[in-house]
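Chain lettering (A, B, C, D and E) follows the sequence in which the chains are written, and residue indices restart at 1 in each chain.
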Amino acid sequence: MVPLSYYLVLSGILFACGVTGFLIKRNIITIFMSIELMLNGVNLSFVAFAAHWHVLAGQVFVFFVMVVAAAEAAVGLAIIIAVYRTRETLNVDQVNLLKL
Amino acid sequence: MTTFLAQMQTIPQGVDYVRILPELILSAFGIVVMVLDPLVDEEKSQKTLGLIAFAGTVVALLSTWYAAQYPGLAFSNTVRVDSFSIFFTFLVIVIAAVVILSSFEYMATQRIRAGEYYALILFGVVGMALMSSAIELVMIFIGLEISSISTYILAGFRRNEASSTESSLKYFLLGSFATAFFLYGVALMFGATGSTNIDVIAQKLQSAPAELLVYAAMALMFVGLGFKVAAAPFHVWTPDVYEGAPAPIVGFMSTAPKAAAFAVLLRVVFSINAPGSFWFLWIAAALSMTLGNVSALVQTNVKRMLAYSSIAHAGYLLMAFAMTSPADSPIGISAAMFYTAAYAAMNVGAFAVVSHFANAGERYVTLEDYAGLGRSSPILAASLTIFLLSLIGIPVTGGFFAKFYVFSAALRANLIWLTLIGVVNSAIGAYYYLRIIVVMYMREARKEVPVAPISFGVATALTLSIAATLYLGLLPNRVLQIAQHSAQDLLIQPPAARAAENPQPAPGSEH
Amino acid sequence: MNTDHLSPYILSLVTFAPLAGALLLTALPRRDREIRWFSLGVSLLTFLLSLHLPAHFHRGQTGFQFEVDRQWISTPNIHYHIGIDGISLWLIVLTTFLTPLCVLISWKSVHDRVKEFFILLLVLETALIGVFIALDLFLFYFFWEATLIPMALLIGIYGHERKIYAAVKFFMYTMIASVFMLAAILWLYAQTGSFDFVYLREHINSVPSFPAAAQWLFLGFFIAFAVKVPLFPFHTWLPDAHVEAPTAGSVLLAGVLLKMGTYGMLRFNLGLFPQQARSNANWIIILALIGIIYGALVAMVQPNMKKLIAYSSVSHLGFVVLGIFSFTQAGLNGAMFVMLAHGISTGALFMLAGIIHERRHTYEISEFGGLAAPMPVYATSYLVIVLASVGLPLLNGFIGEFLVLSGAFQARPIYGILAATGVIWSACYLLWMFQRVFYGKVTHPVNNGMADMLGFEKAAVWPCAVVALVMGVAPILWLAAIDPAVTSALSPFVQMASKVAAQ
Amino acid sequence: MISVHLILFLAFGAVCVGGAVNLLVQRHPINSALSLIAVMAALAGEYLLLGAEFVAAVQVIVYAGAIMVLFVFTIMLLNAGEEEKTKGSRVAILFGVPGMLLGSLLLAWVVLRHSGTEAVPAGALPGAPQTIGMLLFHEFLLPFEVTSILILIAIMGAVVLASKPTGPSGGPQRRVTD
Amino acid sequence: MNPNLNLWLIPVLPLAGAAINGFFGKKSSRTAVTTVGLFFSASAFAWALLVAFRFSSLALPYQEYFAHWLRSGSFSADFAFYLDQLSLVMLLVVTGVGLLIHIYSVGYMWDDPSYYRFFTYLNLFLFFMLNLILANNYLLMFVGWEGVGLASYLLIGFWFTKDSAASAGKKAFIVNRIGDFGFLIGLFLIIQHFGSLNFTEVFDKVKPLAAENAGAGLLTSIGILLMIGACGKSAQIPLYVWLPDAMEGPTPVSALIHAATMVTAGVYMVSRSHVIFERAPIALTVVAIIGTLTAIFAATIGITQTDIKKVLAYSTVSQLGYMFLACGVGAFSAGIFHLMTHAFFKGLLFLGAGSVIHAVGGEQDMRKMGGLKTYIPVTFVTMLIATAAIAGIPPLAGFWSKDEILWKAYEANPAYWVIGAITAFLTSFYMFRLLFMTFWGDYKGIQVDDHGQAHAAHGAGNHGDEDHGHGEPHESPKVMLIPLVILALLSLVGGLVGIHNGFEHFLEPVFGPEFPKAIAEPGNTEWLLMGISVLFSFAGLILAYVLYVSKPYLPQKIADSLGSFYNAVVNKYYVDELYAKLFVKPLVDGSTAILWQGVDRKIIDDTVNNAADGARHVSDEVRHMQSGNLRSYAGWIAAGAAVIIAYMVWLGVRG
């Protein structure tokens, strides 16, 4: 028997790691990966809560999140490629043409 | 037997499809445009596809009217068609129609592939329409993602331009970042209530005192939605993204997805009747308008200036949310809805002018370029003036009544300080809008800025926007009544009816 | 001709005739000559229509006349509620009177973007009239703001060197100030559910939260009006706006726009918040007195003719505010009369300044001198208007000033005494200016060749001179309508005073 | 009492956290990507512990498989090298990280307070493909169908953005160098 | 019931003349202008005479309502006229002298290119002056009061190309305005307390009031304020400074406005308000003291002036002082009497001076004249009569009136008498000085060549007229001489109406017999005083003769011995300079430096601009939030999220 809160805390840790990654990583692809990490953290919460409430909607939600993540990945990576084409860098600190 | 019946109930009926008719039609037209793209001649494709897309929006509008005749729940309580959803559906479709019109020429001058462009707009609208009618968080999430992803792509459509791809990237990464927060909020809400259906959540929250988890969930959802509506402190993406994105698309994404996001926010705030949103909204409103206006003061890039202005307007709009007592809620909701509509009218129009004027490669977007426009193209200048005046909030324009309703709603709720901040802000804001007007009429052009003749598409788009702006400024009654009606719909769901509509526990659940 | 049947529509007709004209103008081809004649026709027609008002106005009767009350917007409860009393009656006629003159004075001086100019002028006229007829607070605010744009554009497009600075300054000053009024109006609506001035005037005291908020509401209205007037220390936009504005803009700005402020005080500050008006009167009067003296002294040392006239407006409008907040019959009558007189005489002064600007492209007084010799007709016309402005008896300036001073004196002698020094100052700065411009020898040879007044210029200025004389000789024509309106405006104060006396 | 359940949870959890931290620490994106795959795989294990079989399978196939392959592919395509240590943002360090810490701690506290010690048995809610399928085609029919549009958009977007800039939108490629 | 006299015609007729000449004069011939100008002033005089003939049959005061003017609440002031003995005297003096001066002007101004303008202004002046006299309320009187100021302004600045003339006109108007300020305040006090400005109503309400013997009260305040007004118009200390400057105007103007009529309006106004003054002894004392001081002060300045018109101007100021002295001691009728005789002889003096100036080609400096009696005999004789009259040589007009005043002054306070008598001596001295310097000795003036130019200096164009063609001083045309002669006659006999207090009796219904002393039979004291004052007059004459005819080197010596005091007097005690230093300069400089550049620019505008700049600065700072760096943006979002979470959690914990 594992307390629900363990799952939730694990989920929170993953989410926090994702946020941290977004904040500190320079490579755009890694930053994108951090987002995936955050989504994974959320997914765990869904599944855990689903188990808690005995409501399958939570798992279905995870399914949808995955689909969305897949779509996002396709689009996101395409955008990254487009950025790389015009800027020839993947360092997010150098993608700052638009500012102030 | 009961299981069977329950399953029978969940099988969609014909009327369910009528209720999502606009979405279906838009999707169909989107697919048609997409499929036709490689088939039609490239030279002609721009206009042909645009006209098809425009036709799609027109048909969808008609179907909206048809769908409005059949209010109710559809698809196992995932969407509810009521006047509230119809209002926003109608609004986003109209925005799309005008944006499509104003894009005809832009497509040609920027040499952008039209098929995907129009298809993405149409699909994006499907997402937004679903957002406004969805009462199931899953549905909201999907709608949100459709609208977001299509706008991410649209923002990067000038993919040879570093600014456009950067805009797209920033929008995409930060958007996903915020969506993750929203999603986490949804997860916690699900954890707190055991449901993802807004009606059920609302009912559960009404019956029992809100848990701490609900507060946390609300906070996270606000982050996500606050990002989408560009409210401070989640507004930071707005200027960069708007500056880099293609001008007509800025007109689109500053209004349509925002309107949809506001619809969701309204549902979340008022329908769920979320606890403790008051001060957060108060501060977000005050901060948004102040930051937006103050930052805009020194901008010289018109697109960027209008981006800051959109932050400020989000702030005004949020004032309407900060209602303390339930009795005031309908006033706030209707004010917010009216504001969304008025803002859409004026901002889409303003960006239609901006995109027309920007010319190939969006070369002319700085304040300097606008010098002497009053002479070189009086019609463009006059149109832009009307939109800017509306953004300032001068009478006879929709912007005036929009602010008016919002402020009076705030005052009704006795938010005197917030109102004062609002009115002072609208005075400060007048300065930078005025700067554009001043430059257009009162400065002589220092360099030759070619102004392309106004084509049919732009002319129609401008006419529609001006008509809408003035209509809302002169006869706001009709729209406001609809908004009020919608507000009632949003708020007053008889508990009995709600209970009847409650979804059955998931079939897989064990008892 | 029996025109009684017009009465229900006449106000709307007068108000929107110029707007209709402006809309027609947009459709006209860009033929400047025709556009000028058309605008003149429209504005003259409006003037004639507006004459219906005094002709059919029941002078003895208090309350509003020609009233129309139709719902415009149901939520919020906004009515197209219009009507006039003796106070607004003449301000409307003043507006319609000055507009054709503005068209005339712009006949030659505006040659670029002529169409837009006249469109703006006519739109401005509608907005100005609207301000005076509105009895619904919302409608009032609506027109109030609507005056802003055409005026700012007139200054900004057709003005002189620093036109942009002036236009923006004008716009921002008024805009920032009027949002406070908007806030106050909204509060009133939020608490009572009505924008109706007449309704509010009667029912506002029954709102439980009103006493606590009244002071702030009063200030909210007041600040908007004070900037418009402009009352010291909010006046600095005025000289800039005037100097840069085209002549017609200056005429309407000084002639009518400033009166919107004083009219607002009279109608709303006094009408809705008599108690607060009374308790705030002292500092307001002190500001008005500062304005009178300060404006005059600063006017005296201006090297620029238009700036001088602008500061003189500050001084004159100080009289109006003083009269209003003296809460005496004479004071209010006088304030109204000064408004009208100032509109005529200062409007004419600006036209006259425009006439030499047209010839020399400068307003610097030092650029002139000895003009009376080459331009005798001009000099004489100028003198008549200067004398009217100085407040010479039998010309219009005197009546108003006398009544205001007499009212102020009754309120508190020191007010009257301090304000009466204005009589001296106005003579100083105007006559000194007149001397420097017209007397002595012609110092700049170019001035010798200046043409005297042309036909259209005479047509613009002389009506003002005639009206100035008529107003001075037969003020009764105006006062007959003003007096009862003022009496009813004062009735709450009389009651207050009698209450105080009873205690 | 330490049950197998708990041990498994902790083991998967440790992999998850370790992977996540590794993702942050690694300078080369490919390493980060591999760490992420580890995290996802471990998460699939956690899902199994909770009985969500379908989700676990999808997690492995779609997430760890398809999506991450896409990532790796892109990394390879763009030939992404080691991350440079650029000084970009003070805000992220000064506000962002403390904010993140504060937020996470608060959330953790809330979550702990909320669920306390309530335990979830292993395989608490069996989410078999069939039941999930029933749900998807009944209750969640509309979202499910609408997902197709989402996918469509994604495909279009990928095509539009990633395709070589030729054809109607061609023209000389403009590069910005700063 | 009184017959309708149509009094309104009297002022309106000249107005019509002014209007006709003003609008059509420019294009009309001089003859036409002359006809119009003279016809309307003459008809006003004629109508006034008609009124005078019917005067005895009237119930006095006769009031005539003409039209509504001003109504505000219960207050009203109408175009209505008031006729009693006092206004009749004034009426006749003004229309009569006015007509004469009109006639004179035909000759004097004939060559001026703005001939029509002159007559327009002159007629306009008559209109306002008659309004002032005939008004039945203070406000209408104020109309005339300000109106004559306007006419004065226009006529002083008639030759506007001369800067000094323009400045003098402006100065006159502004100084008058200062007086009007007091007048206005006085009117407000009257309105406040009596609710009306109508003479009858006000006086009816004042009459029951007790005299404010104990201390200053309402009536005293009103009186002093009215006196301030009178000081301005009638050039009394401290507001007399404009009158000498006003001599820049054409000489007929000086005669009409600045000697005979307008400047006496103050005296008329004080007399008209005698009901108030009589009940305000302090105010009366103030009037008397101002009058006395002005009389002697101006007389001393007059001694040293060399400009013929300036001497006359100071003399006018001094004589007006006498009139106020009379009013101040309650002898209103004596004041009015002197007003009338003064109108005759001073008008004559000015016209004579004009004739002299005309003769010598525009020269006004007496040192450049001399020996003119042979050249212009008619002028000389008339001037002689006038000088004698003003010097108080019996039995000429001035003697009677001045003697009357001095006698009344003595009764009030011998000190007044002493100063008055000294003034009489000074008057006699400087007037004969003028006469001797001008007409005796040798002609020291300019000759042929300069002649034309000298004329041109005062604005006249070329001199085609044969009369003016020669270089010798020449007698004026008949049209100028006839008024001189008529006025000389009046100066000779005009005083006779005062014998046996006849004039006083005539005015008695107005001023009443309240002052019983005034009608006492002339006793020994009076004879004695009369003798002394006559003696003083002759002393002045003799002294002047000695200094300026027999021993002309003496004045310079005396002047040298007096040194700085003499300089001070020559420079009019530096009063103009003092005013300039004390008021004008601080006002102009202060307004420029402190108010305009300081308050307006520095404080108000800079505050506003700084606020705007500040906003822009803040804006510049705020937009640095938008660094362009994605991670920063994420940082903001994360921080914002943390704040919201914290807030919401706090909210949740609290309740």
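Methods note: a residue touches a chain if its C-beta (ideal position, glycine included) is under 8 Å from a C-beta of that chain, and two chains touch if they have at least 3 such contacts.
As the structure is a prediction and not an experimental result, all values here were calculated from the model.
Looking at chain B and chain D, the chains that touch each of them are A, E. Of all chains displayed, C has the C-alpha centre closest to the centre of the whole protein C-alpha set.
No other pair of chains has as many C-beta pairs in contact as A-D. Taking the mean Cα position of each chain as its centre, E sits at the greatest distance from chain A.
Of all chains, the one whose CA centroid is most distant from that of chain B is E. Note: centroid distance chain C to chain D, computed from Cα atoms, is 69 Å. For this pair, chain A with chain E, the centres built from the Cα atoms lie 96 Å apart.
Chain centres here are Cα means. That of chain A falls 64 Å from that of chain C.
One inter-chain figure worth recording: chain D and chain E are separated by 101 Å, centre to centre, where each centre is the mean of the chain's CA atoms. Touching two or more other chains at once are residues 138, 142, 145, 149, 152-153, 156, 159-163, 165, 168-170, 173, 177, 188, 191, 211-212, 215-216, 239-240, 428, 506, 508-509 of chain B. Residues of chain A in contact with two or more other chains: 8, 15, 18-19, 22-24, 31-32, 48, 50, 52, 54-57, 60, 64, 68, 71-72, 75, 79-80, 82, 85-87, 92-93, 95-99. Those residues of chain E in touch with two or more other chains are numbered 623, 626-632, 634-641, 643, 645, 649, 652. Contact between chains, using the touch rule, shows up for A-B, A-D, A-E, B-C, B-D, B-E, C-E, D-E. Of all residues in chain D, only 88-100, 102-103, 106-107, 109-110 touch chain E in the complex they form. Residues 7, 10-12, 20, 23, 27, 30-31, 34, 42, 74-79, 111-113, 116, 119-120, 123-124, 126-127, 130, 136, 138-139, 142-143, 145-146, 149-150, 152-153, 156-157, 159-163, 165, 168, 188, 191-192, 211-213, 215-216, 503, 506-509 of chain B touch chain D in their complex.
Chain E contributes residues 627, 629, 631-632, 634-643, 645-646, 649, 652 to its touches with chain D in the complex.
The touching residues of chain E, counted against chain A in their complex, run 623-624, 626-631, 634-635, 638.
Contact residues on chain C toward chain B in their complex (touch as defined above): 72-76, 113, 116, 141-143, 145-146, 148-149, 152-153, 156-157, 159, 163-164, 167-168, 171-172, 175-176, 179-180, 182-183, 186-187, 189-190.
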